[in-house]
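Both complexes below contain chain A, partnered by chain B and then by chain C.
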Partner chain A sequence: MSIELLLALITGAALLGVGIYGALSQTNLVMIMMGVELILAGAMVNLVAFWRYLHPDNPAGQMFVLIIMTVMAIEMAVGFGVAIARFRAKGSVEMEEATELKG
Partner chain B sequence: MTAQMFFIGFFGLAGVWFGIVVFRTYSMVRSALALLFSQTALGAMFLSMQAEFLGVLQIMMMATEMSIMAIFMVMFMMDPGGLGTMDMTHQKRLSLIAGFVSFVAAVLVALFVDWGPIAATFPDAAQQTVDLGLELLNRSMLIFEMAGITILTAMIAATAVAIKPIERITNKSKGH
Partner chain C sequence: MSMIAVAILAPLSTTLLILLLRRQPAALAVLGAAVGLLGSLGLLANAFNGLSQKIILPGLPNMPLQLVATPLTALLSTLVAVVTTLVVVYAVGYMKKDREQARFFATMLLFVSAMQTLVLAGDWVLLLTAWEVIGLSSYLLIGFWYQRPGVSSAATRAFLTTRSADLGLYIAAFILIANTGTSDIATTLNAGGNTAIAAGLLLLLAAMGKSAQTPFTDWLQRAMAGPTPVSALLHSATLVAAGAILLIRTAPMLPSEVLLVTGLVGGITTIVAGLIALGERDLKRLTAASTSSQYGLMLIAVGAGIPLAALLHLIAHAAIKSSLFLGAGVFQHSRNSTLLTDLQGVGRDRPRVFFGYALAALALAGIPPMSGFFSKDAIIAASLLSPNVALLAPLALAGTLLTGAYMARALRILWRGEAKPSVTAGLGWMGAGMGGLVTLAVVLGIAFPSIKTLLNAQLPENPIYQYLPEILGLAAALSGLALGWLVPMRRLLGPLLPWSQRGFAIAGGFDRLMVQPAFALARACEKLERGLYAAVLAVGRSGLNIGRAVRRNDEQGIDGIIFSFVRATINLGSKARTLQSGLIHRELAISTVASAILVFTVIALLVY
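Up next, the complex of A and B:
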């Protein structure tokens, strides 16, 4: 294994850890989405590293990164639409206050 | 230490550091900007790994997305400037444990899995772009057609959810 590949994988792991911490600890919808963005970024770093150091002749690795970028954009668009609707209905986007569906 | 090793380590560290700053600062605008810097550092990391197209795309897209996120922060947050130092977190200990365990698990996988031989050569930037274009138009065309439809659906759904409902005036409310 090359040092560069290991550095990239450790970076991806760190972004995963920070993203999971953020997504679980934050109460605000926008901040939770930031955590999810970091998790997806960690996945992208791993994919680019695998493409570059293991299979540089196979463009599928880069294509997968484009798919993840698409997912990030879709997640932000729908998430902010939901945030706007929630803010208009209840006046805040705090997830601890969103208990209407609680059994 | 080669230059590539240095830059990958440097930009990776910057990306992780700014990612941590996102959840450390009280100012929501600074959180959005920290996320922007984190994503930009990762784009620079892609450039260090000679994925030029993806690196430029990452920097361009994330700069736009995070700027929009900063605007939403100012719209929806109670204290976007962070002057009140209000703690808006919950289950911190559980989150720290979950984050740390996932980090350790991913690092152990990276260290102990046999990833196979390291590729000796790689295509140059122009050839990468050609290969990616051919991949999109040949084997992965269905995937990207579906991605395009999914994006369109998401745009319509987000717009529909975000539109302010029209208040309908009924005969009853008019007093008839």
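Up next, the complex of A and C:
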């Protein structure tokens, strides 16, 4: 295994760890979503690294990453939509206050 | 249209009309009876012209229903129609105050149409049918005042007695049909030998029941509970006459053994019923007993082998007896009672009615020149000519004597006493009906010669001395009248008095012989019934218990299991619900930890 791949995997893992920490530690919906973005970013770095260093001649890896980026954009749009609606209704996007979905 | 149809259908359609319209029943009834009378007279006129009519209706296979108008049946049909018409006219007055006239007249005319069918029937099936309808309608009429005490039991007794005797007619008809292969009455009369003996005896039984011969006399007297016009009709031309008519029609078939029995039954009846009549305390019951006695005389004539004499007496008796009953009905309305003690002197209230009554009574006793004289002498002549003259002639003469005695006694009681004038509604109608019948009772003797030519039969003359029967009969009648008028009844009857007043214990004997076993049978049946009832109930109860057990099983077993599943599911759900806190961080943390555990588990599984 080449050193570059190892570096890329470490970067991805770091991004994942930061993302998980962010998602778990923040109480603001926007910040949580940023954490989720970081998790996905970590995953994408891993995908790209595996494609680049192990199967550079198969374009499916690249395509997969592009699809994930599209999904991320859509997810952001939906997430911010929810956040704006929440803000308009309650004047806050603090998730500790949003327990209406309790079973 | 055939005259036979008119004679039968006119009364029948009047019945239906009365029941449908429920208005003016009396007028309709008179009209219907009159039309029926016209039909019968047409039949009689045809018979005199030598025409005989016949209607054949579809019936059982090879046994068509037949209605025939021979001279004999046409004559009887006319008799029925004449008496009916006059009685119905009388009933218009008699029933004036009754609220249920429609029911009364409708049943009366049903009765009459059934009687016409019986008289004109040419085959056994139709005859049996008509016989049954007569029994039914007489039951309805005797029980007409069913609210009054004792009336319904009298009607039931009449019905059951005649019905039991009717079994004889059924069996006789079956025997005859089985042995001759046809239901045509005229053909079956040719049967001979043992068939004729068996059938003849059974027919005699049926006739005894209907004509109230000993020992079946009791029901007729109790039947006096019905309205008086009913009694008049019942006794003269319809129900009671049916028995005698049956014997007269089947007389050609009867062998000598049966004839002897018939004559003896008639003779015994005429004496027993005559004694009962002599001891009676009630005018209508007296008249009823007299009816039995007179039909006994007719049976003597049949038994002597000369049914023509019986027929003549039947005709004369029809007019006489209905006159007597109609008179009794007027007296009953005057004093509201039929007890002889209450009726003392009632003749003075209504002298004209009493005159008619007396004429009829004398005619019944057999005083010339009234109809009863001729018919009774015909019977005495017949008994003198019979091979069993020693048995029958004294009985016939004694019957005549008793007739005179009880009629004289009745007349004496009705005349002696004080008048109590009273007003009776409908006297005009009653007088009209009664007047017609009394006239017939007096003058009918004139018609006897033409009846003889019509039937083409003659009474044989007495070989010893031509006028012997007349002399004997007149002597018996006169001495009877004298005895009845002059000697008090108690002295006349002497030791027989208590017996005659109890109807010679015939009813009691019947109670012990027939009624008590019947009741015992009924009780046994009731016990059986109760057992069956209990068994059925037990079956039902066990079914109910099974059902209850099944229900308990359902409710507590199957339902219990299902409900416990449901409860467990609900509990599980409520426990699972506590996971859903709504706190995103907590859920994210749970997801993260769970994912981590999952990933490590997968890796561990893959590696090892």
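The rule we apply is simple: the second predicted complex is superposed on the first by the 102 of 103 C-alpha atoms of A that agree within 3 Å, B and C clash if a C-alpha of one lies under 4 Å from a C-alpha of the other, contacts with A are read in each partner's own complex, and residues count from 1 in each chain.
Everything that follows uses one rule, which is that a residue touches a chain if its C-beta (ideal position, glycine included) is under 8 Å from a C-beta of that chain, and two chains touch if they have at least 3 such contacts.
Note that this is a predicted model, so its numbers are computed, not measured.
Enquirer: Assess the superposed three-chain arrangement around chain A: do chain B and chain C clash, or do they fit?
Expert: They fit side by side.
Enquirer: For A:L7 in the superposed arrangement: first (chain B), second (chain C), both or neither?
Expert: In the superposition, A:L7 touches chain B alone.
Enquirer: Of chain B and chain C, which one touches more of chain A's residues?
Expert: Comparing chain B with chain C, the partner touching more chain A residues is B.
Enquirer: Touching A:A98 in the superposition: chain B (first), chain C (second), both, neither?
Expert: second
Enquirer: Considering only touches as defined above, state whether A:T27 meets chain B (first), chain C (second), both or neither.
Expert: In the superposition, A:T27 touches chain B and chain C alike.
Enquirer: Can you work out, in whole Å, how close the C-alpha atoms of chain B and chain C get once everything is superposed?
Expert: Chain B and chain C, overlaid via chain A, are at closest 7 Å apart by C-alpha.
Enquirer: Output the chain A positions appearing in both contact lists, the one against chain B and the one against chain C.
Expert: Overlap of chain B and chain C footprints on chain A: residues 20, 24, 27, 96.
Enquirer: For the complex, give me every residue of chain A touching chain C.
Expert: Touch list, chain A to chain C: 20, 23-24, 27, 32, 95-96, 98-103.
Enquirer: Of all residues in chain C, which touch chain A in the complex?
Expert: Spelled out, the residues of chain C in touch with chain A are 576-585, 588-589, 592.
Enquirer: For a test of understanding, state which residues of chain B touch chain A in their complex under the given definition.
Expert: 2, 4-5, 8-9, 12-13, 15-16, 19-20, 22-23, 28, 31-32, 35, 38-39, 42, 45-46, 49-51, 53-54, 57-58, 61, 65, 68-69, 72-73, 75-78, 88-92, 94-96, 98-100, 102-103, 106-107, 110-111, 115-116, 118-119, 121-123, 128, 131-132, 134-136, 139-140, 143-144, 147, 150-151, 154-155, 157-162, 164
Enquirer: In their complex, what parts of chain A are in touch with chain B?
Expert: 1-22, 24-31, 33-35, 37-38, 41, 44-45, 48-57, 59-60, 62-63, 65-67, 69-70, 72-74, 76-78, 80-85, 87-88, 92-94, 96
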